[in-house]
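Below is the structure I would like to discuss, written out as structure tokens.
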Amino acid sequence: MAKPVVEKKYSFLDSIYLFEILKGMVLTMRHFMFNFFASFRPGPHTIPTTWQYPEDRREISPIFRGEHMLMLDEQGRELCVGCGMCAKICPAKCITVEMAKVKEGEESKYAGKTHCKNFNIDLLRCIFCGFCEETCPKSAIELGQGYELSRFTKEECQLGKERLLKNYHWAKKNNKLKPKKVEAEQPKDKKE
Amino acid sequence: MEIKGVAEKLLAGYIVNISERCNDIIIEVDSRNILKCLTILKNNENIAFDFLVDVVGVDNSQYLLKKDKAKKGEEPAVEAPKAPALPRYEVVYLLLSLQHNKRLIVKARVSEDNMTIDTVTSLWKAANWPEREVYDMYGIKFNGHPDMRRLLMWDEFKDYPLRKDYPLEGKGEKRALIYE
Amino acid sequence: MNNINLDEYIKVNIGPSHPAMHGTLRVIAWTDGETVMHCDPEIGYLHRGVEKLGESFTYHQFIPLTDRMNYCSAINSNVAYEAAVEKLMGVEIPLKAQLIRTIMCELARIADHQVCVGILGVDLGAFTPFFYLIIQREEIYEIFEWYNGARLTNTFGRIGGVENDLPADFDARWKELKPNLFKSIDETDKLLTHNRIWMDRTIGVSAFSPEDALNWGFTGPCLRACGVKRDLRKDEPYYQYANFKFDVPVGKNGDVFDRYMIRMQEMHESIKIIDQAYEMYKQLPPDAPLMAKVPKIIKPPVGEVYSSHETPNGELGFYIKSDGTDKPYRIKVRPPCYMIYQAFPELVQGEMIADLVACLSSLNVIAGELDR
Amino acid sequence: MIDLIIALIKVVGIWSFTLGVAAVMTWVERRGAALIQDRPGPNRAGLFGILQPVCDGIKLFTKENIVPEKADKVLFNLGPIMFAIPAFSAFAVIPFGDRIIIGGKEILLQISNIDIGFLYIVALGSLAVYGVIIGGWGSNNKYSILGGLRSTAQLISYEVPWGLALLGVVLVYGTFNLREIALAQQGTFLGILPNWGVFHQPLGFILFMVAAYAEANRVPFDLPEAESEIVSGYHTEYGSMKLGVYLFGEYVNITTLSALTVTFYFGSWHLPYINMASFLGDGTIIYGIASFLIFCLKVSFFLWLFVWVRWTVPRFRYDQVMKLGWKSLIPLALFNLFITTLFIQIKYYIGG
């Protein structure tokens, strides 16, 4: 197991330390000068690689996998039928769905014949893999663009149905729904 | 395939079963002869399986039993767990020949009565941790291993978690903190 | 190691929470002054029972777990696992999916090497190259994010293909990223490679002979640094790697410097591969299939299979035993750094504490992959 | 009495000046590092984050003062004090400007003009090691003791080339008095170059700088607190203001070393080719201030150099530091000394 002995062969310039260190210092100085002048630019986003978070935010992908939302169709009806496919596929077992039949007189609220009475997502367990979105036969659940997921209490991390619908309304208001779904299945949305 | 033929010839008398699937040749030998077989496979110039990729343990107690269950699923009859015909545990050696760029899977069955098998750390040092892991997860002891301790689980842990009868959620073990 | 009396030495506990430990690793070192006489790596602090969990998951549900093994290059783990299941099922994925997988894998490889080289610099006291590299890694992550919506734990690909086509702006992004990548690698090279301090710290440190390396089961950059030319992309070519022109960099001494140089060169090779794969991709029709025909619920035939891919750390293999149901009977992961890390006591024996840290970083041991 | 008051004003002034410089240096270091590394760094507190040191100070002051249970309490508390005192004291003999004459009374811009200023500096430099080793020992922590040992070995080894390099300057100017050395650097040397120590002693200057980096425990010689190896070295167990004193002491050390560099090698308050005293008038207040400002400007360059180098190079290994110190720097320093004496002798025989 004797370790191989490695011979060190340095060229003269390498062996006197200072030459390469000076070269490196020139390089760091170039970066410094560039950023030094950049930091005097107006606005929060001065140095190109850093985002000054609360003031300026980076553009995130339209298909980002963030906080979930329950979708409505263009008439404002809930799409979810409460089939529980998402709960079944979820690797983290974070979704609980309770199905109920749509009562008389409530047909205008729901798109299907059944709906979910309760829908709960445990954010503490969710791993944001996006399988629920992929498996949903009605495209009723989507991972939205919300990425500020810190909460003060455990209870707040349980996303109930209200919260999920609120997320949808927020996304719709800010025009942050996923583009491909809008084009493929709901061409009427374009008119809005 | 050449490897299959050569290996069959070399290990004549040791082989219990040989099969081929997805370009993988799987040779099954008796657990008592495992060290001999692997030594032959490593040192023979024609095949020279000189690289140990991994050592895997498998608990076969429920292998292919589930199908029967599914069929019986409708009938609520309490089924007695069928004792598998073969020994319960399996140690799988994944070998690679760098010279010939060929792979080989060698298996040995270990029964519940005698949970020991010879170590191959004398052939490949690489077998050190994988064998410890198999011991950790299944309780199969490797004779002659230089350092037979638990690897991933802590030392005071009693059970063997990858056995099929160990529940997924665990049995509620807690690690007692011992300060020096 | 057996004939020295460990009680004579200072016992230094390094980790599991120590600034130089990559994740929760722990090394107990017995030192004579600064020289490490013997050390005992203790693992299992990040053991999450992935293999046990996998037995209760369906084949698809296991993909997110592979994300969390090597979190620096999750895509490589995803693809290696999917390939193993595809091999078990006997499915050949369409060409377009192969090319997308190749492009994404190589991008992830670059990202992984950037982290490894950067962290090696940080551990040896050179902070600046880390930032030059990591800034470009962000751009790579941006490509991932635009591809399927996640940056780090990608859950990339599905069994039988990939889920999305490359995003429309991939072309523009890659054109912008490529010169920046070259520049950042070049700057790191300028700051470190010929610096005498860096050379003194790395050349000859924890050198390893090729025989030992093979005996210990080394794979990947650490094996190539020892002078063994083995790369699964060349030797057991999968996907379209046989059609790409790229070199496999090989070192000589197997020391920290060689591992560092190999990683630096592999980044260049990966850029070459991406270029070729993307050229090939552009010639395909836009409506070419992304998924092979696989059933919705995956039930591979009874049997067992071992399949491995070349990930940034080395050979990542999956041994899958199927009993014909929708859940794997047994999944065994063969993490590359598991095999490399077990040789750690031999690698660092007789070196100094500072070299222990350098050696550990150059091996790129990732706790998530190590403990599973 | 007036002398005493003047001395007091000077002491307080220099004391607060060094503290201020050290505080600003913490900001400069962080901000400079950030800009070198393509990120903005602390930029929220005040304009460009200049108030960051104040926030840090408040944070350090209000934190709980923890003494580890098994630590040696006396030594643990003594460590930071022992570290800070020599760092501050060394400034006493460094001239930070020429002189001001008010009402016929000469006020030297220097706290005390002693004839053995050079020896005083070298002596205090050696004292700094006690703070480190006492802190490391008192903490009762293996990382701390390793850091302390590394630091001791390093400081003691580099004391030698450091002193030998300075000795070259002393030989050239023929005095131990720092003010006289500073005064002697006016004018030109060989007709074209400023009469600065660096042009008399180029090799000595390089040796001095390298040894100074080692003395200040800065990258590439920051082994005693190498974060990735031994956590924080000798101040691993320290918290609250005791840690603050260590961190502050480091910057005071850097300031002192930069001031020494300027005094010995870069002509102190002199501008090259310009004799300021002649056209501003020797001893006027404006001349005093101008000389002080020039001195500050030069010092700030060397302070920046400390930061600049830190974020460029990797760290040495313990044995390599020792090897560099004993096998390269000390022989070179002796060689430098030999050459210097040779030249002085030759000049003596030719000239006189």
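Order of writing sets the chain letters: A, B, C and D. Residues in each chain are counted from 1.
The rule is simple: a residue touches a chain if its C-beta (ideal position, glycine included) is under 8 Å from a C-beta of that chain, and two chains touch if they have at least 3 such contacts.
Keep in mind it's a predicted model, so treat the numbers as computed, not measured.
S.K.: Which chain has its C-alpha centre farthest away from the C-alpha centre of chain D?
M.R.: Max centre-to-centre separation from chain D belongs to B.
S.K.: Counting only Cα atoms for the centres, state how far chain B is from chain D in Å.
M.R.: Taking the average C-alpha coordinate of chain B and of chain D, the gap between them is 65 Å.
S.K.: Starting from the mean Cα coordinates of chain A and chain C, work out the distance between those two points in Å.
M.R.: 25
S.K.: Just the number, please: Cα centre separation of chain C and chain D in whole Å.
M.R.: 45
S.K.: Could you check chain D for residues that touch two or more other chains and list them?
M.R.: Within chain D, the residues that touch at least two other chains are 36-39, 311-313.
S.K.: Where does chain A touch two or more other chains at once, residue-wise?
M.R.: 21, 24, 27-28, 31, 49
S.K.: Return all touching chain pairs.
M.R.: Chains touch in the following pairs: A-C, A-D, B-C, C-D.
S.K.: Residues of chain D touching chain A in their complex?
M.R.: Residue positions touching the partner: 32, 34-40, 43, 48, 206, 308-309, 311-313.
S.K.: For chain C, which residues count as touching chain A in their complex?
M.R.: Listed in rising order, the residues are 57-58, 60-65, 67, 128, 132, 135, 138, 142, 145-146, 148-150, 153, 155, 163-164, 187, 190-191, 194-197, 199-200, 203-204, 206-209, 212, 253-255, 346, 350.
S.K.: Residues of chain B touching chain C in their complex?
M.R.: Touch residues, chain B against chain C: 21-22, 24, 26, 50-54, 56, 58-59, 62-64, 66-67, 70, 92, 94, 98, 101, 103, 105, 124-126, 128-130, 137, 151-154, 161-162, 166, 168.
S.K.: What residues on chain A touch chain D, complex-wise?
M.R.: On the chain A side, the touching residues are 18, 21, 24-25, 27-29, 31-32, 35-36, 39, 46-50, 52.
S.K.: Quick one: in the complex, what on chain C touches chain B?
M.R.: 43-44, 47, 49, 51-53, 55-56, 87-88, 90, 212, 214-217, 228, 230, 235-236, 302-306, 308, 315, 317, 319, 321, 323-325, 329-330, 332, 334, 338-339, 342-343, 371
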